[in-house]
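After this come two complexes, each holding chain A, first together with chain B and then together with chain C.
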Partner chain A sequence: MKVGIASTGLTKFSKDDISIESLMVSSIKPVFENASNLEQKDIDVVLTSTNANDKYLANIVSELSGISPKVAHSVESLCNSGTNCLVSAYAYISSGLAKTALVVGAEKTDSPGLVLEWDKSRGQYKHPIYWSSIFTQAYMRKYGTTMEDLAYVSAKNHRNALDNPNAYFNRTYSVEEIMQSKFLTENIRLLDCSMPCNGAAAILLASEEVISRFTDKPIWITGIGQKATSAGFTKNNDLSSMQSTISSVVDAYDMSKKQPSDIDVAELHDAFSICEMIELEDLGLVDRGKSMSYVKQLYDTSDRKINPRGGLIGSGHPLGATGVAQTIEIFNQLQGDAGKRQINGAKTGMVHNMSAAGTSSTVLILES
Partner chain B sequence: MNKFEQELKNNNFVCSRCTRCNKIVWPPSDLCNKCFGDVVWKPVSRKARLIEFSRKNGEYFCMAEFDEGIRVMGTVESASIVHVGQPLTLTRCSYDDTEKFVFSTDEGK
Partner chain C sequence: MKVGIASTGLTKFSKDDISIESLMVSSIKPVFENASNLEQKDIDVVLTSTNANDKYLANIVSELSGISPKVAHSVESLCNSGTNCLVSAYAYISSGLAKTALVVGAEKTDSPGLVLEWDKSRGQYKHPIYWSSIFTQAYMRKYGTTMEDLAYVSAKNHRNALDNPNAYFNRTYSVEEIMQSKFLTENIRLLDCSMPCNGAAAILLASEEVISRFTDKPIWITGIGQKATSAGFTKNNDLSSMQSTISSVVDAYDMSKKQPSDIDVAELHDAFSICEMIELEDLGLVDRGKSMSYVKQLYDTSDRKINPRGGLIGSGHPLGATGVAQTIEIFNQLQGDAGKRQINGAKTGMVHNMSAAGTSSTVLILES
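Here is the complex of A and B:
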C-alpha cells in the first residue's frame, strides 16, 4: 500500500513564547486550509512529536483541533522525533489500520531534549558542542579540513534560509563573520551551531486509496531507513562518520530502489557545520573526503540542492518539529511549489534526520 | 545516589561485569546487555588511551578508551601538546551532579 503526503502546515520558527499545544494547533490549521475537502472526521490517527514533558499531548491537540482519532499518542526520539513520528504514521497506514494520519511536531527553546543526561560516558561533557567538537577534530585530522571549510556550510545555509519565510534567521553571514563568531570550543564557532527555538510543523499522510480526495499532487514516501546504533555517543566507533546514518540510508535506497545519483534535493541534519559534511559522505551523496570542495562549490554557484530551506543552522532547530519541517521542504520541492528555493525539475528527494550525536538516524526518500 | 555514582565520588571508577558471561556493561546496568545475567561491580583499570580530543578555553577534553574497551569523555591535564593514541592515566574521577573523569599524560614513562 503506497503512502503519500497530502497536506502540510508550518509555523514561523521564533523565540516567541507560545505554549506547545498552541504551536501545534497553529501548524494544523494550514493542513486543513491546504487540503481540499479535509474534515476532522477524516483523520484516523494523530501523532505528536516532541521532547516536551507534557502528558497526553496527542489527545489534547486532537481535542483542540476538533478531531476524535482512533489512535492518538506521542513519539519521542530527541532530535529525530519528527521523522520517527512520520515513520510510525506510515506504518499505521501501510498496515491497513488507518487510512490517514496527522503528524504534528513542536518544540520550545527550553526543551528538556537538548542534553541527554543518561549518557554517563560523556562525563561532564554532555552538552552537544562537545560531541560535535570531537567529530570535527576527527574529521579535520582525517581530511585536513579547516575552520574556513566548515564556515561554508553555515554561510550557505544561512543564505538559503533568507528565502524561507518561516526560518528563525533572516540574514546572511560571510565566511569571515562565521569564523570570527564566538569560540565555543577550539573548533566550534557559535555560527556553526543550530539554534534551539520555538516552532511547529504538521503533515497529513494518507493511503493511495484516499489521498486523491485531499490533493491532486500527492508526494509519495518510497524509501524508509531507520537505525538506533546506541544511546551513548562513545559507542559510535569511527568519529568521522555516523554508523546509524550509513545503516539507515542503505535501507532507504534499497526500499525505494534508488541510488545517490537519483537524489535531486536533500534536507540534511546540520545540527553543526561538521554534521552536514559527514552526512553528505555517509549518505553516499559525495565521495569520502570530498564534502569540503562540494559545499564550497554549492556556495559559489548558489546551488540549493543541499538544505534549500536553510537546514537547521539557518532555519532554527525546534527539535520535535525539525524532521517534520525538513520533510515539508522536500514535499514543496517535489510539488514544484518551493518558490525562490525551487530546484528545477526535482522528482526525487531525501530527508536525513538524526539524534544524540548521530546515535540514531532516519532517512526518508520521497518521490513525486 | 546509586553505587556507581557513590564510588565515583570516592574516586573509584567501577563498572558492572556480568557474572554469567563476564561482559563489561558500560554504562553500568543491573543486568548484562548480552545475556541478561546478573552483574557485579568491578574496578576499571586506570590505564587508558587517547582516542580524540579538542580544547575549550585552553583546557583539553577528550574521548579516552580504557583497557577494558570502555570509552568516556574527560579532561586531560597536560603541560605539553597531546596526541591521539598516547597513553593516559585516570588521575581523578568524581561525581557532583555529573560524572567527571580527569586524565594525565604518561610523559617520561
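Here is the complex of A and C:
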C-alpha cells in the first residue's frame, strides 16, 4: 500500500511563550485548511512528537482539535522524534490498520531533550555542543577544514531562511560576521549552532486508496531507512562520519530504488555547521572530504538544493517539530509550491534527521 | 503478513528501588533466554513504553542489551502505553518495514503518569481515584451495586495473583477484609485500588516468515481495536460504560472474526474494582448489569477466566509495563504454559487496556 503526504501545517518558529498544546493545535488547523474535504472523522491515527514531559498529549490535542482517532500516542527519540513519528504513521497505514494518520511535532525552548542528562559518563559535558566539537575536531584533522569553511554552512542556511516566513531567523550573516561570533567551544562559534525555539509542524499521511479525496498533488514516501547504532557516541568508530546515517541512507535508496544523483533537494539535520558537512558525505551526496568546496559552491551560486528552508541553523530547532518541518519543506518543493525557495523541477527529495551525535538517524525519500 | 509473539520477559513487580533502565534490561534478558536462536542482530525495532520523563530510553536499553535496531523510540499514552506500543510494533512488521520488534514497558512508583496533571479543570481532583469514584456512583445508581459486590473483584484478583510469582501482592484478602479497608472516597476502599509499583515486561513480535526460528509455539495477534474518544472523561455520555472500549472491541472482533463466546481467557484493566465490572459488559463478555453476579460466580467456582494473573489489583500496576504484562499472561495461557493459573484448553484470549477514565482503549485478540 503506497503512503503519501496529503496536507501539512506549520507555525512560526519563535520564542513567544505559547503552550505546547496551543502550538500543536495551531499546526493542525492549517492541515484542515490546506486539504480538500478533510473532516475530523477522517483521521484514524494521531501521533505527537515531542521531548516535553507532558503526558497524554496526543489525546489532548485530538480533543482540542475535535478528532477522535483510533490510535493516539506520543513518540520520543530526542531530535529524531518527528521522523520516527512519520515512519510509525507510515507503518499504520501501510499495514492496513489505518487509512490516514496525523503527525504533530512540537517543542518549546525549555525542552528537557536539549541536554543529554541520561549520559552520566559525560560529566558536565552533556550539551550536544561538546560532541559536535569532537566531531568538528576529527573532521578538521582529517580534511584540513577551517573555521571559514564551517561558516559557509551557517551563512548559506541563514540566507536560505530569509525566504522562509516561518523561520526563527530573518536576517543574513556574512561569513565574516559568523567568524566574529563568540567561540562556545574551541572550534564551534555561536553562529555555527542551531537555535532551540518554540514551534510546531503537522503532516497528514494517507493511503493511496483515499489520498485523492484530500489533495490532487500527493507526495509519496518511497524510501525509508532508520538505524540506531547506540545511545552513547563513543561507539562510533569514526568521528568524521555518522554510521547510523550511512546505514539509513543505504536502506532508503534501496527501498526507493534511487541513488544520490536522483536527489533534487534535501533537508539535512544541521544542528551544528559540522553536521551538514559530515552528512552530505554520509548520504552520498558529496564525495568524502569535498563538503567544504561543495558548500562554498552552493553559497556562491545561491543554489538552495541543501536545506532550502534554512535548515536548523536558519529556521530554528524545536526538537520534536524539526523532522516534521523538514519533511514539510520537501513536500512543498516537490509540489512546486515552495515560493522563492523553489528548486525548479524538483521531483525527488530527501529528509535526513538524527539524534545525539548521530547515534540514530532516519532518512526519507519522497517523490512527486 | 501475520504477526505473532515469539518470546517474552517479565520482572517481579515490587517497590524495590531499581532504575528504569535496569528494569527494562532485566525484562529483555529472559526474552533471549526464552527464545531459540535469538541473537541481538535479529531485532529490527525496539520500542519502549513508559510514562517516565527519561529521554532516549529505547536507544539506551538497546545499547545496554547489545541491540542496534533500525527503529528505536519511546511511546506514551498513560496506562495504555504498553498496548499502543504493541500495536505500533505490529504495524512495523505487518507493513513489511521490519521482521521483528521488541516492545519493552517499564514504570516506577513515582511515575508522572499517575496523576492527570494536564487536566486543569479537575482542580485538586487529579488522581484517577476521583473519576473511578464517579463511575462507581453511576454504576451503583443504575444497577444497585453494593460495596460487597465490588469487593468480590478484589478478592478474586488477589487470590488469582497468589499463583503469579511476579505479582506485587502474594496474599489473599477475604471479602470481609476488603470491606473493612479504608475508604479513600465515599465508594472506593483502599483494597479496591490497584497498586502503583516498579516493574518491566518485554515481548518480541515477529513476522510469520521468521517466527519459527525463535519458537515452535507462536501466538498470533489476530484482532486489534483502538479508540481515543477524548482526553477528559466528561465527554463520555454514560458513566456506567467506556465508549472507547466498546468501539475498540467491535473492531477487534471484526478483524479477528471472533465473538464474545470465543474468548477463553481475558486480561482486563482493573485499575479499580469498578473498572472490571464495567469492562466485562463493554467487551460483550457479560450482559449489562450482570457483572456483579458473574464476578461472584467466578470467585465462588475459582474460575480464573478473567484476570488469571491477578489483574492490576493483584499484580500491581507499573503503568508502562501493564499492557505488555497483560499480553504476556494471555501468551502464556494460549501456549498452555501458565502453570497453576492455566485455563484448560485456552485457544483464544483477549487483552483490554485503557487510559484515564477509559478515554482511550486498546483491545487485542490473540490465538494459538
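As a working rule, the second predicted complex is superposed on the first by the 368 of 368 C-alpha atoms of A that agree within 3 Å, B and C clash if a C-alpha of one lies under 4 Å from a C-alpha of the other, contacts with A are read in each partner's own complex, and residues count from 1 in each chain.
Everything below uses one rule, namely that a residue touches a chain if its C-beta (ideal position, glycine included) is under 8 Å from a C-beta of that chain, and two chains touch if they have at least 3 such contacts.
Because the structure is a prediction, the values reported are computed rather than measured.
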Looking at the overlay, what does A:130 touch: chain B (first), chain C (second), both, or neither? first
Looking at the overlay, does A:239 come into contact with chain B only (first), chain C only (second), both, or neither? first
After superposition on the shared chain, which partner residues are touched by A:184: those of chain B (first), chain C (second), both, or neither? first
Just checking: does A:359 make contact with chain B only, chain C only, both, or neither of them? Give me first, second, both or neither. second
What is the contact status of A:18 with respect to chain B (first) and chain C (second): first, second, both, or neither? neither
Between chain B (first) and chain C (second), which, if any, makes contact with A:226: first, second, both or neither? second
Partner touching more residues of chain A, whether chain B or chain C: C
Give one of first, second, both or neither to describe whether A:138 is in contact with chain B, with chain C, with both, or with none. first
Touching A:112 in the superposition: chain B (first), chain C (second), both, neither? second
Chain A residues where the chain B and chain C footprints coincide 118, 232, 235
Give the list of chain B residues in touch with chain A in this complex. 4, 26-28, 51-56, 61, 63, 70-75, 84, 98-101
Along chain A, where are the residues that touch chain B in the complex? 118-126, 130, 133-134, 136-138, 141, 184-187, 232-235, 239
Tell me, which parts of chain C touch chain A in their complex? 46, 51, 53-60, 62-63, 68-78, 80-81, 84, 87-88, 90-92, 94-97, 112-113, 116-118, 224-232, 235, 251, 355-356, 359-360
